[in-house]
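The letters A, B, C, D, E and F name the chains in turn, as written, and every chain counts its residues from 1.
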Amino acid sequence: MLDAMLPGSFDPPTNGHLNLIKRAAHIADRLFVIVAVNRAKNYLFSGQERLEMMQELLKGYENITVVTWDRLIVDFARENDVHVMIRGVRALADFEYEFELAMTNKQIYKDLEVIFLPTDPQYFVLRASAIKELASYGAEVRPMVPDIVADKLRYKLDMLTLEDN
Amino acid sequence: MLDAMLPGSFDPPTNGHLNLIKRAAHIADRLFVIVAVNRAKNYLFSGQERLEMMQELLKGYENITVVTWDRLIVDFARENDVHVMIRGVRALADFEYEFELAMTNKQIYKDLEVIFLPTDPQYFVLRASAIKELASYGAEVRPMVPDIVADKLRYKLDMLTLEDN
Amino acid sequence: MLDAMLPGSFDPPTNGHLNLIKRAAHIADRLFVIVAVNRAKNYLFSGQERLEMMQELLKGYENITVVTWDRLIVDFARENDVHVMIRGVRALADFEYEFELAMTNKQIYKDLEVIFLPTDPQYFVLRASAIKELASYGAEVRPMVPDIVADKLRYKLDMLTLEDN
Amino acid sequence: MLDAMLPGSFDPPTNGHLNLIKRAAHIADRLFVIVAVNRAKNYLFSGQERLEMMQELLKGYENITVVTWDRLIVDFARENDVHVMIRGVRALADFEYEFELAMTNKQIYKDLEVIFLPTDPQYFVLRASAIKELASYGAEVRPMVPDIVADKLRYKLDMLTLEDN
Amino acid sequence: MLDAMLPGSFDPPTNGHLNLIKRAAHIADRLFVIVAVNRAKNYLFSGQERLEMMQELLKGYENITVVTWDRLIVDFARENDVHVMIRGVRALADFEYEFELAMTNKQIYKDLEVIFLPTDPQYFVLRASAIKELASYGAEVRPMVPDIVADKLRYKLDMLTLEDN
Amino acid sequence: MLDAMLPGSFDPPTNGHLNLIKRAAHIADRLFVIVAVNRAKNYLFSGQERLEMMQELLKGYENITVVTWDRLIVDFARENDVHVMIRGVRALADFEYEFELAMTNKQIYKDLEVIFLPTDPQYFVLRASAIKELASYGAEVRPMVPDIVADKLRYKLDMLTLEDN
């Protein structure tokens, strides 16, 4: 019985995230997808919006539970008795950062194992921040994110533009 | 139920290998430790010797099975219905190589997932090839390998020196 | 007939940029040097100032056209029928970022090729942001930028200091 | 008018090589594909065999010339008045090596520019040496190499096995 | 007689910093620990607070002098006739950045040598910024920083929380 | 008083090696340049030849002693009471390897510090193995190695060619 968690900002969820989550759900018996809410970060979508998009996208996956979390990830692990964290690694720069994050998390929670799942090459370019920037310039991002995300992204960006005026 | 395999040369097994294997055995329900026998490589210890050392070192771990294998690792996976390969990643250079290996293996066996487990920092330096070179110069390698491996390494290297004369 | 574009912030232009541009102008039959104006970035010099410095520095190069651009670079490519983007790569970190940027750009404009030109080692250290910081502390940056840039940088920084008081 | 050369071992040519060469032939007006013959290397296929496979695979591309060369690549450049070398870069490790090679080549031939073309992600895993090893274990490599290469590879490996017996 | 300087933000000092400084003090005859005050950076602790913590932590080390400095580091070197700067390198990303910084500093002060001291693996994870973030979420950071730093960090963060309300 | 050692193969010494050694001799009060003789490696020049070239090139440097050594480098350190090893780091790949080597050496000799000196950019390309390969193809290597080395390299390679016939 492997319980695992897969945390991320998912601001917004991309096709790369979904590919990773579905593969992780084949490995784990139960998978918690954790939508992180870090008070020091500026998100385009609120925690609630990101949660709802992710729940919509993952409905039908019976062993996946989507939650939001605004404290240390290791606290989620401790309180829910989860000992394995899954992280996608896309490229070398990711790996550096992820390795360090893994070591830091293990230092404050000894019973945690962090495992890395390599991103499939066709999803290498789908960094959420790049997708948001492209969308803000009017580029078509539909091949990079699910349709419902593309629609919400368009709507959100149109709202922001109205506010700027 | 997670069946996983962890292949390697283990020529000889090091403390780093053992740390990795024991952590992997906590994640997987059943773990196959595969002692690879590649006809194009020169090993210090034969496949049979490496198998016996590993079995000795892992006895008591009920969910671990140690085997030797001289064909493609993906063939082991296919024939034993194992879909997850675990690999330790120690450092950046490892990750490059491992990432490429993972992609190649997935290309020839679509149902395989390769997951990476980061090496604990205290085992960063325990590369088996470096340990063998140090031992051949007479350095004490007992902090880097289990005692039974240190003894066999000493014996093996003494034999080789005799053959040279 | 190779038309190519070489985009950048050039805030301000450095000797490293000029070396790169002149080498690119030997490879391409026609080269567009694109001074990027990204509304989300804070520049020290305005788009117009950067354009004028670059035009001054490149006058006499008949196959080079300098322009400013405030939309996606691929839109420039599409509208001007340019299919090759040239980027300088200085070091490993650059390459990571550039590789990802190239893949993202190709994903939204299939007919684009991105080629990398390695920076000559003597220009490794000339990152524009470092030069600005050094100049703000009063260091002499004349070996790192053309004279007209050093003068404008000094004048601009003096103006900013006056404004601060 | 851009004359360029694209050197490699091509032992054997892979789908990744062909993708790279065809993209390079869109950038250059004339492209020399150079099949390198290095007396210090052991090839599976002779220079003549590699030349013939490459000529077969590239027939119909009017601006591509395939040649073999057993001296320094810069000597080819000098003697044929070619000033641009194109190299594919697949991953970070490649880039390190390629950067160094580029600097070395420029040091002995000042008029040479080396430009890097990033490998498309779907060809990341097609390292020729890995393909040969997979083929030697009987794996199907047809998705990774053109059909005529897969056939020759199978024939060549069968011949070698007979010789071993 | 080797005079050396070891600059840093030390915001706050960590066990990793102390390990590095003590090792550097064995190599150099006289070591200046420079608490950098960069007006463009936001520190959690003021220059004076960081100086006092460092002095407290290093008292008894006779060949170490702790100072604050708010100009270019090379100006300190020039004015104090110090020709060697020591920098800790923890991981690959560090090395990239440090290498570039070293080259930039040498370019503006030719007589400077920058030497790198590798971080001991058990201190790999002690990045000051990560420790501050962990502390802000209430995690116990006492294994990562000296006790007096843990206390001051707790007090400082409590003060900031009060100010927020 | 800083005693340091700088080991290497120096097969043959290059301008990059000499730059590094001379800079190291400014940092250390006494510097041992150690010409390593590893029985498992094939050298072009014998230990005695490499020693003599190095002594010739470094005569006049009063604080440098050149020696050959055919055991573990840490044994030299222990027997000569040297606690600092200096290594040049040229590029990222070097750093990976050097970091691991440093950790391994410290593991078997706790009192050793390994410090890295970054290679000056103009010497990035002077890898001894590349220089030998270039020379074997008849390329002029005089800008990359001292004159006496270029002469000995030419002579040695001519001798080898005669032996081949």
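Everything that follows uses one rule, which is that a residue touches a chain if its C-beta (ideal position, glycine included) is under 8 Å from a C-beta of that chain, and two chains touch if they have at least 3 such contacts.
Since the structure is predicted, the reported quantities are computational estimates derived from the model, not experimental observations.
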item	value
Set of chains whose contacts include both chain D and chain A	B, C
Chain pair equivalent in interface to D-F, over half of contacts matched, among B-E, B-F or A-D	B-F
Most widely separated chain from chain E, with each centre as the mean of CA atoms	D
Chain located farthest away, centre of chain A as origin (C-alpha)	F
Chain C and chain D, separation of their C-alpha mean positions in angstrom	33
Intercentroid distance (Cα basis), chain C paired with chain B, Å	49
Residues of chain B engaged with two or more neighbouring chains	92-93, 96, 99, 103, 121, 124-125
Chain-to-chain touches, reported pairwise for every pair that qualifies	A-B, A-C, A-D, A-E, B-D, B-E, B-F, C-D, C-E, C-F, D-F, E-F
Interface residues, chain F side, partner chain C - complex	92, 121-122, 124
Chain A - residues contacting chain C, complex	91-93, 124-125, 127, 130, 133-134, 137-140, 143-144
Of chain D, residues touching chain C in the complex	1-2, 23, 26-29, 83-84, 86, 89, 92, 95-96, 99, 102-103, 113-118, 121
In the complex with chain B, residue positions of chain F that touch it	40, 71-72, 74-75, 93, 96-97, 99-100, 103-104, 107-108
